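Presented sequentially are two complexes of chain A, the first with chain B as partner and the second with chain C.
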Partner chain A sequence: MSVEPEVLARARSRVLGTPSIPASEPVPAGLTAATEVDGSRVWLLPSWPDGATPALLEEYQTAPMPLDRPGQARRVLAAALRCCWSRLDDAPWPGERAPLAAVLEVYVGMSRGDSELARRWATGELRRLADTGWLLLDHDTGTVRPGPRVAMWPEESLSSLRDLLRRLPQPPEAPGE
Partner chain B sequence: MSELFEPLLRSYDEKRRSELVAAYMAVEHAAEPVPEVRFTALREPALRRTVEGMLGLTGRTLVRSGQNEWISGYRDDVAAELARDPACVPPAGDRAVLVLVLIHSVAIPRAAGLLGDDSWMSTYPTPLEELRRRSQLPIGELESALRRLRTAGLVSQVKAGTEEAGGFVPGPQFHRLTDAARRRLQEELILAAGPDSPLAAAIRARRRNQAGGNP
Partner chain C sequence: MSSSPENVINDPATPSLDDALVGEAVLGVYRQMFAALARDSGAVVDDPDLVDVAETLLTAFADAGEDGLSREQMRYVCRRHPAEVFENRLRVLKGLGAIREVFPKPNQLRYRASFTSVVGLMFVRRMMLDGGQSEMHRLLALEQLNVADPRMTPGQARDGAEGLARAFRLWSVELLTLTNGTIEELREQAPKLWGTEEILLRAERLHGAILRRWPQLDRTCTELRAAIYAYGDASRRAAARLTDSAGTTRNLTLLPPETWRTFARTASREDLAAVLDGFVFDAAAPWHEPSAVVTAVEDGPRTTPPRPAPPRPSVPDPGLSADTGSDDATAERLRTVAEQVLRGGDRVAVEEVLGDDWVTARRMLADLSAAHLHPELPYRLVWSDGMAVREGGSPTWLSPGTFERTAS
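What follows is the complex of A and B.
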């Protein structure tokens, strides 16, 4: 009964992962907002003290929440960013929409062995990355774009990611381009 | 960038301040309780109170684990509010699967004296077949529920070994229960697993009295 509304709003945002609200509503204090491309909605993101990120755990030899297949998750996210973050000098958020087929193609180009199996694994991984706000999937159009969580990457951490993405296979040319 | 923590951090020098931030990030993001020996701000009671204050701003609190380890969880008053919000409650199917894992992996081994009384972590996996049979969910729905529960850290998958069967156990989020939350979960499990037992009757009677005492 006596929980302060702003405290509750921040806790609720954590429970929901990366919820979005209409851009006309005020962003609760203590949360960061990533604005949608068309400006209609904002995604609510946590705000950490002094620019710290969970990467800080490494300095203290402390294990973060485990992922089922961390290597695969990172590679699939990289393949998606290769397609959705084409202007690498810009920030990764909001990025662009890319066909799922193109992401799977890039992922297959990064993997060895059975390409059908690689596609199947990557499809499951795309769903998990969408569940956790790293990607936004649109099943109707068969496309993907960066999720609001990438907006939390600090600018100074992006240069190694840009270098890595430049070394990944090129996405296939979209028909008609 | 963030003004939220500034009133609590303002009075500390740079070193203390970074120790507070490190402890805050560690308890919020670690998979398991972190040892206070590694974090000054958890070891020293005055600093620990500030970490607690930082967590409180987002509805969280410090949870002690064992003698010298700490992690964070939702404040009891905040958890009660969130549980009333339908958007914050997982679907019934997910909750049913989670309860089956808790009964199979914790309640049954605990009743057999194989697990301690106050831990929700378990080394006794619930086989997928058991979940399929007892939940009566179509396999597709069961798999989606397990995917969501794993993503949320509420269950972990245990791979089958040479001698042990694989399956699912309670996930790392169960480290994050406060004393009150652990007690409530224990009672709910008794009510679910043995609704006709004398223990269940006692729990119901006490809750009735509490509800009567605090209208």
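What follows is the complex of A and C.
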């Protein structure tokens, strides 16, 4: 039984989330490669025809992938981007590393209520976002940076997000800098 | 029992006085055997406590020795149980002959217990504990011994074989009924019923032994063999049904919860992972559209009143091209193109800079026009009248024109 390589690659990227391969290997057809900062590896992301995104599902009145507490997850993502996407004129990918504490601080500043609880919620959401390739967590250094999936955002859809991030609270100054 | 097997075999149809006597003796044994289970002389007990009374009494009788026990001693032994229960039991046990007077005369005060009742009680206890299976083991072992016994007659052997065949038949019928019934019932009942390899092996060995010693019993042995095989099939089918349903259903109640818990605690990581072998989890990753992120943040609970954002559509609107001409980058690119075309000079003929093929020529023409139209760039395109037809050329016709630097 032979499987076409691009079909296999797509299935694999679907199962594994966002697999990464060395940059020297060829990128299978039908996948978009988000290149790592140092250019050593690329992340494989399934791409959609004609530059569409899953947001198109809404136009066809098809339910998108169900998500628990989508609002909270997106607020945490916004908080993380506020810290990692410091040069807003550039693309969000690859972004910069930011300490997790700063992200939690921004999220607490955005939300209402018990700040300790908000931190705990945000930590869970950060993990989930990292699982699905929207953020990259580095547990050793306690930092976070944008995941390869943000590279799939079309440039023309980013303006409102840029405006939003400008209005979000400032991340606290890191003690070392 | 006491009747000779030859009598029964040779003359089964006409009952004689001897047969009546034999039947009465058998009935007596039955009554004694089930005395421990009887609530009153007509029914079987429905309360295990009542069996306990009988057992306690029989144990006490065993300790008492040949003197037996008096009524008061019996009451003392059963002091745990209420008086009326004890009276009832004693009456029943006496009535059925499990306990009787040491000497059959009036006003006898001392009693002794029947040996048969104790054995019957042991048998009943055993049957209650592990069903008929271990009893079948014992029967087979016993029958094997009997077959080896030189005093054994072919009639007795036939009776034994027929009894075993009947037991195996009934056994497999019960299993088959269960197999075709609900899976829960099967799970509940089957472990007491289905056989082990050992039982089948023993039965076949016994069958072989009977056949070797009495070749004339081959018909009976065929029956027995068929019954053994039927039982083997039924037990295999029951096991297959159970494992099938346990493997395919998500009904976790097929096994008791303790089994699952033990498995989860003691299984190795590989075993646990093997449970989900063959499953692929490929749920599509959630998608966060930038506009959705914006909406989520703006709709989210917040401490401070939001700064009013300038009215903008939250959905990205491509609208006019981003390339509006006022962009510095565009102007810079056009300037570079213009300077390349002019090569330091002030003017150049358009036909000179157009390439040979139309694809590059039209791009060049578009750039020059854009440079001409750009309000901030000091270039212009001047066309003169006339038209040169160039047969076979890349633009097949061309108006003479110049691209020049303006003075500004």
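By our rule, the second predicted complex is superposed on the first by the 176 of 177 C-alpha atoms of A that agree within 3 Å, B and C clash if a C-alpha of one lies under 4 Å from a C-alpha of the other, contacts with A are read in each partner's own complex, and residues count from 1 in each chain.
As a working rule, contacts are C-beta pairs under 8 Å (C-beta built on N, C-alpha and C of every residue); 3 or more make two chains touch, one makes a residue touch a chain.
Nothing here was measured: the structure is a model prediction, and the numbers come from that model.
K.L.:
Clash or fit: chain B and chain C on chain A?
P.N.:
Here chain B and chain C cannot both sit on chain A without a clash.
K.L.:
For A:Leu117, select first, second, both or neither according to whether it touches chain B, chain C, the two together, or no partner.
P.N.:
neither
K.L.:
Which of the two partners, first being chain B and second being chain C, lies in contact with A:Val7: first, second, both, or neither?
P.N.:
first
K.L.:
Scan A:Trp48 for contacts with chain B and chain C and give back first, second, both or neither.
P.N.:
Only chain B is touched by A:Trp48; chain C is not.
K.L.:
Once chain A of both complexes is superposed, is A:Val37 in touch with chain B (first), chain C (second), both, or neither?
P.N.:
neither
K.L.:
Can you tell which stretch of chain B collides with chain C among 3-11, 39-47, 111-119 or 183-191?
P.N.:
That would be 183-191, the only stretch with clashing C-alpha atoms.
K.L.:
Find the residues of chain A that appear in the contact set with chain B and again in the contact set with chain C.
P.N.:
Chain A residues touching both partners: 11, 14-15, 53-54, 64-65, 132.
K.L.:
Under the definition above, what is the set of chain A residues touching chain B in their complex?
P.N.:
Residues 1-3, 7-8, 10-12, 14-16, 29-30, 32, 46-54, 56-57, 59-66, 68, 127-128, 131-132 of chain A touch chain B in their complex.
K.L.:
For a test of understanding, state which residues of chain C touch chain A in their complex under the given definition.
P.N.:
Residues of chain C touching chain A: 280-303, 306-307, 309-310, 312-314, 316, 318, 322.
K.L.:
For the complex, give me every residue of chain B touching chain A.
P.N.:
Those in contact with chain A are residues 1-5, 9, 17-18, 20-22, 24-26, 29-32, 34, 38-39, 54, 56-60, 74-75, 77-78, 81-82, 85, 87-88, 147-148, 150-151, 153, 156-157, 172.
K.L.:
Across the complex, what residues on chain A touch chain C?
P.N.:
That would be residues 11, 14-15, 17-18, 53-55, 64-65, 67, 70-75, 77-78, 81, 109-113, 132-134, 149, 153-154, 156-161, 163-164, 167-168 of chain A.
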